[in-house]
Amino acid sequence: MKDKNELIKEQILYQSGVNVRKCMRCGKCSGTCPGYDEMEYHPHQFVYLVETGDIEPLLKSESLYKCLSCFACVDRCPRGVEPAKIIEAVRLTVIRQQGKNKLTPDDIPAVIDDDIPQQALVSAYRKFTR
Amino acid sequence: MQRIGVFICHCGSNIAATVDTSAVVNALSAEPGVVCAVDYPYMCSASGQDMIKEAIKEKELTGIVICSCSPRMHEATFRKAAAAAGLNPYMVEIANIREQCSWVHKDKQTATEKAIVLGRAAIAKVSLNTPLQPGEIPVTKRALVIGGGIAGIQTALDIADAGFEVDIVEKKPTIGGKMAQLDKTFPTLDCAACILTPKMVEASQNEKIRIYSYSKVEEVSGFVGNFTVKIRKKARFVDENKCTGCGLCTEKCPVKNVPNEFNLGMDSRHAVYIPFAQAVPKVAVIDADYCRMLKDGKCGLCSKICGAGAIKYDQEDEIIENKYGAIVAATGCEPIDLDKFDEFAYSKSKDVITSLQFERLMNAAGPTGGVLLRPSDNKHPKTIVFVQCVGSRCEAHAKKGKEYCSKICCMYTAKHAMLTREKYPDTDVYVFYIDVRTPGKNFDEFYRRVAEEYGVHYIKGMVGKICAENGTLKVQASDLLADKQLHIDADLVVLAAAIEPDRSTRPLATMLTASMDTNDFFTEAHPKLRPVESPTAGIFLSGCCQGPKDIPETVAQAGAAASKVIGLLCKDRLTANPCVAHCDEMSCNGCSTCENVCPYHAVTYIEKEFRMPDRTTKIRRVAQVNPAVCQGCGACTVACPSKAMDLYGFSGKQIYAEVDAICR
Amino acid sequence: MQIEEKKPLIAAFCCNWCSYAGADLAGNNRLNYPDNVKIIRVPCSCRVDPTFILRAFQRGADGVLICGCHPGDCHYTTGNYYTRRRMTLLFSMLEYLGIEKERTRVEWVSAAEGAKFAQTVNEFTAAVSALGENRRLEDLRCKE
Amino acid sequence: MQRINRSELIKAAAKLIESGEADRVLGWKKGEFDYDVTPYVFNSIDEIEKDFVWGDFCGANFSKYLIKETAKSDKKVAVFLKPCDTYSFNQLLIEHRFEREKVCVIGVSCSGMADIRKIKDTAGEGIAKIEEQDGYLNVFTLYDGIVKIDSKDALAERCLCCTKRCVVYDELLGDGENKADNDRFAKVEELEELTEEQRYAFWKSELSKCIRCNACRDVCPACTCEKCVFDDPRSVLENKAAANEFEEKLYHIIRAFHVAGRCTDCGECSRVCPQNIPLHLLNRKFIKDINAFYGQYQAGEKAGQRAPLVDYTTEDREP
């Protein structure tokens, strides 16, 4: 039997499609991250902790919601690891565990106002509907 | 009809204890074609060999089979013995009844049965053997070195030292290569020019060495020992024999704004120029893209002031054809293009430079006369950030850099950091690294000194982003050990760009028919045991064209390549392994399948006229194997659909005969 | 007719540089393996023509083993890469025709792997023995 | 019913002859029966107008004939190639079997060829005449009168899954593309699903029908060896007639292996086999394996491409 942590790891890897073992621990993702100072866990730590399977602290961390999904780390990672996708998958795991707050297309008109950037909508839709 | 002798060795008790040798004698003497079968305690001993020699003469044997130890052990011994008795040495076959029979089986009866079968297989094979004569190829005693950097110069010097003539082809107007652009060399910090330029002069003055500068290889044909090479000597519009290198023309030329490639575009030169003070040959060259006389026919100033009358506006490219016995590729490397690394602002700010540019900035003959001034405003940089692994160690799919480690960056960055702190102790120097790799003699000691004694900040982490703002470079980076994101206001950023093979390497490899890896480095014949030879016979590798290397390693490899070349050139003739492929022209389709699988490019195609059975003639495309180049792997024999290709020593018929004997 | 169980006959093609040397090393180390395996030396595994294999089966071999240098270590740099493709396709075809795939095998054995050679032969012999005699590819005229 | 008319083909050929570009045309000639069409070299426009045929029985692939035909004269020869034929043509060019400059290729769009065996299965023997009409074949038989067959039901196996297009031509008649959506590997997969014993039994019964007439080899555009190993006394493999099961197997395995990676899946082998052995299933097995193991590969698709068996990657799968 796999323990819960391993199942979560597997799910995160599956959802993100990321191979965390490709990481060579250069830290360029965290070097590039514009939201770094807001985060308790940083992009490279997400990758590392998912690799080691130490996912519990990530699930509890606020950092999940601080990631801007700007994909700068994805763009610059020399090893093609795509840390943002890992963060997104971890976030999704939490959201799934909470159960309810999935977004449906019907919900969108209600939340739209002129100040919401298009990108945020697209990104929210991506985050909440998988 | 073959007359075959079979000789069964006891190898003391090594064979005889498990194999009933007299039973083997009895069984094998009944085989067709066998005229004598004997056993003896030690066939490889002098008396054993004498026995074989006598039997060959007395019984007029046409082939012999030795049932003994592995052919890897004594095949050569028995071939020599056969040759001494007047039998072609390739009429010898060995049945391995020791390593592959008596030593691995315990039951005497079954081991004896197997020994008999192995003997039969060898007899079946030897019956189909044909006498083979090793071919001989004359060797042209001159070598060609392509590339005149430190690798090429050292190789040429070593070859010349052994008394052989050697030509260097260099595409630039001067030899010297990348090393000429360096300031100091790690880990001893001697100045690059001080150790390189004497070698350049030595090369130019050596009677055995001919330098073709501003030239390139245009065409290569032939094979080991017998290459014919066409060299294009580009027009430099200056008579090399007349020019004294006084440099007057380079001062008077009115076209002054040509980016100076030697200083990586950080200053400018004239349209007529000598690349640098110690250039070899020290001869001016006119840049046809900028010269007013060559472009518009107006000016002619250099011609007027040249006292030697060396300027020749009507000079044309010259094609020179030479013959060589060996070719050394020493085409070197260059830093990669940093276009794809926008995050480091390389194309946006003049103050983000490559390490090679930094070498020039530190060099007394460089654009700033050796004073470290940043390119944008010629001010002293107070904070310098070095970024390692720019474009090295990238994942293939990221398509941004190279997968390999460029090997030299850790050390030259440590050197740069040390030199900076030594000359300008008031500068803050940061080095961002992923790993520091220092596996060379005195390398780690050097690096530790830089970190410990020179107070260079080594930070494990990577720079994520650089923005140029009001003359400062905002560097954003991670410090993995402190778990912090750093924001540094730097004055100068130096990128340790990955190195890649020179762009001329791929077309050259095609001409040489030498194989390359996916990164366009030349492949060596064996990664461990033949590191300076290309799989293509007669082609040798020196320096960074085979993989990233520092100077000591390059020089060592250059010497190794030279010794291989000398080993080849000191022979008057090459003896070729006669067990090579050959083509039956009548069945050859000319389909090029064999050419495609041959790792040595030993197969070429010719158009040949054939007389057909109906008395007409027909021109057909047929394969020809060059026995000097073929190594006898047999890949072509299987690839050939019509089985026109066959292998001497391991012919299809021989192997069928062995299979039949074993499965009988 | 012999009543006792017949040992399977196995023809092994070994490349001169790695696998033949590996087999020699098995001998040097006195590693036992069944005597029904007979080795044919070829310069490179890429010299092994599919017809050699079929011929062996025709003449009554029960299994055919091909040994070469490990991919990347070929003495001729690329020979075994071609072998790998050829044999992959040939074996797949034989299986498609209903020939048991356990009768054919390619194994990469280096000159240092005497033990691997012996082990390969042991395993292969056991696998072929389990199948019994080769009938599907045999030319019955070759048998008494 | 072919979507291109005979007259268009004749026009294209006539143009080449009139302009002197080519001095002869390799095409299909009327045979004894409607379904019995023969390859023929036409030397004049008159000849073409008289005897040239184009219809549902023009299955013959002319690529292979070009090897000998181009050698006969320095003048160009014009040839009609259907989409599937162009692949063989390219493959032969890759293998340097003739010079491209000596051929004018007229690419002909094809709507699929009829399989006379399928027609005979329905209409029986004694076929006197076959006429095409509105998507149907009217088969005039000696014993059963006129039998009407839907053209689709008569389509040859190879045409049912043809997705080929004219990959090489100097002039193209029609769009030169076919887009059938049947899976050509369905039968191969079906066989793969069977047990070893069943597969063995299948091939034993099929291959034992072989009479070693060599028709499959002689028609195969990939089998163009100057001297075939099965005819070459030096090759050890030489045998004229298979004496037993093994030799039938050997012949067909080796033949399939020799053309592996070069076979364009033109299906001529099965078309000409007098014993109706589904020989294309051997070739398709290799093609399927090559696609699965080494990436999608269509022999003859591009000039200059390297066949999978003379290529490798360091990461190839193990046997």
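For clarity, chains are labelled A, B, C and D in written order, and residue numbers in each chain start from 1.
Basically, a contact is a pair of C-beta atoms (placed from the backbone, for glycine too) under 8 Å apart; a residue touches a chain by one contact, two chains touch by 3 or more.
Source: prediction; values computed, not measured.
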Farthest chain from chain D by C-alpha centroid distance is chain A
When B-C and A-B are ranked by contacting C-beta pairs, first comes B-C
Cα centre of chain B to Cα centre of chain C, whole Å, reads 36
Dist(centroid_CA(chain A), centroid_CA(chain C)) in Å evaluates to 52
Per the C-alpha centroid definition, the whole-Å distance linking chain A and chain B comes out as 47
Cα centre of chain A to Cα centre of chain D, whole Å, reads 56
For chain D, residue numbers touching 2 or more other chains are 236, 309-311
By the touch definition above, chain B meets two or more other chains at residues 597, 639, 652, 656
Among all residues of chain A, those touching at least two other chains are none
So the complete set of touching chain pairs is A-B, B-C, B-D, C-D
Counting only contacts in the complex, chain A reaches chain B at residues 22, 24-33, 36-37, 42, 44-45, 72-73, 75-81
The answer for chain B against chain D in the complex is residues 584, 586-593, 596-597, 605, 618, 620-621, 639, 641-644, 652-653, 656
Contacts from chain B onto chain C in the complex sit at residues 70-73, 96, 98-101, 103-107, 110-111, 113-114, 117-118, 121, 515, 523, 525-526, 535, 579, 597, 599, 631-635, 637-639, 647, 649-650, 652, 655-656, 658-660, 662-664
Listed in rising order, the residues of chain C that touch chain D in the complex are 50-51, 54-55, 58, 71-72, 78, 81-82, 84-100, 104-106, 136-141
Note: in the complex, chain D contacts chain C through residues 188, 191-192, 196-204, 236-237, 243-244, 246-247, 249-250, 253-254, 256-257, 260, 282, 285-286, 289-290, 293-294, 308-314, 316-319
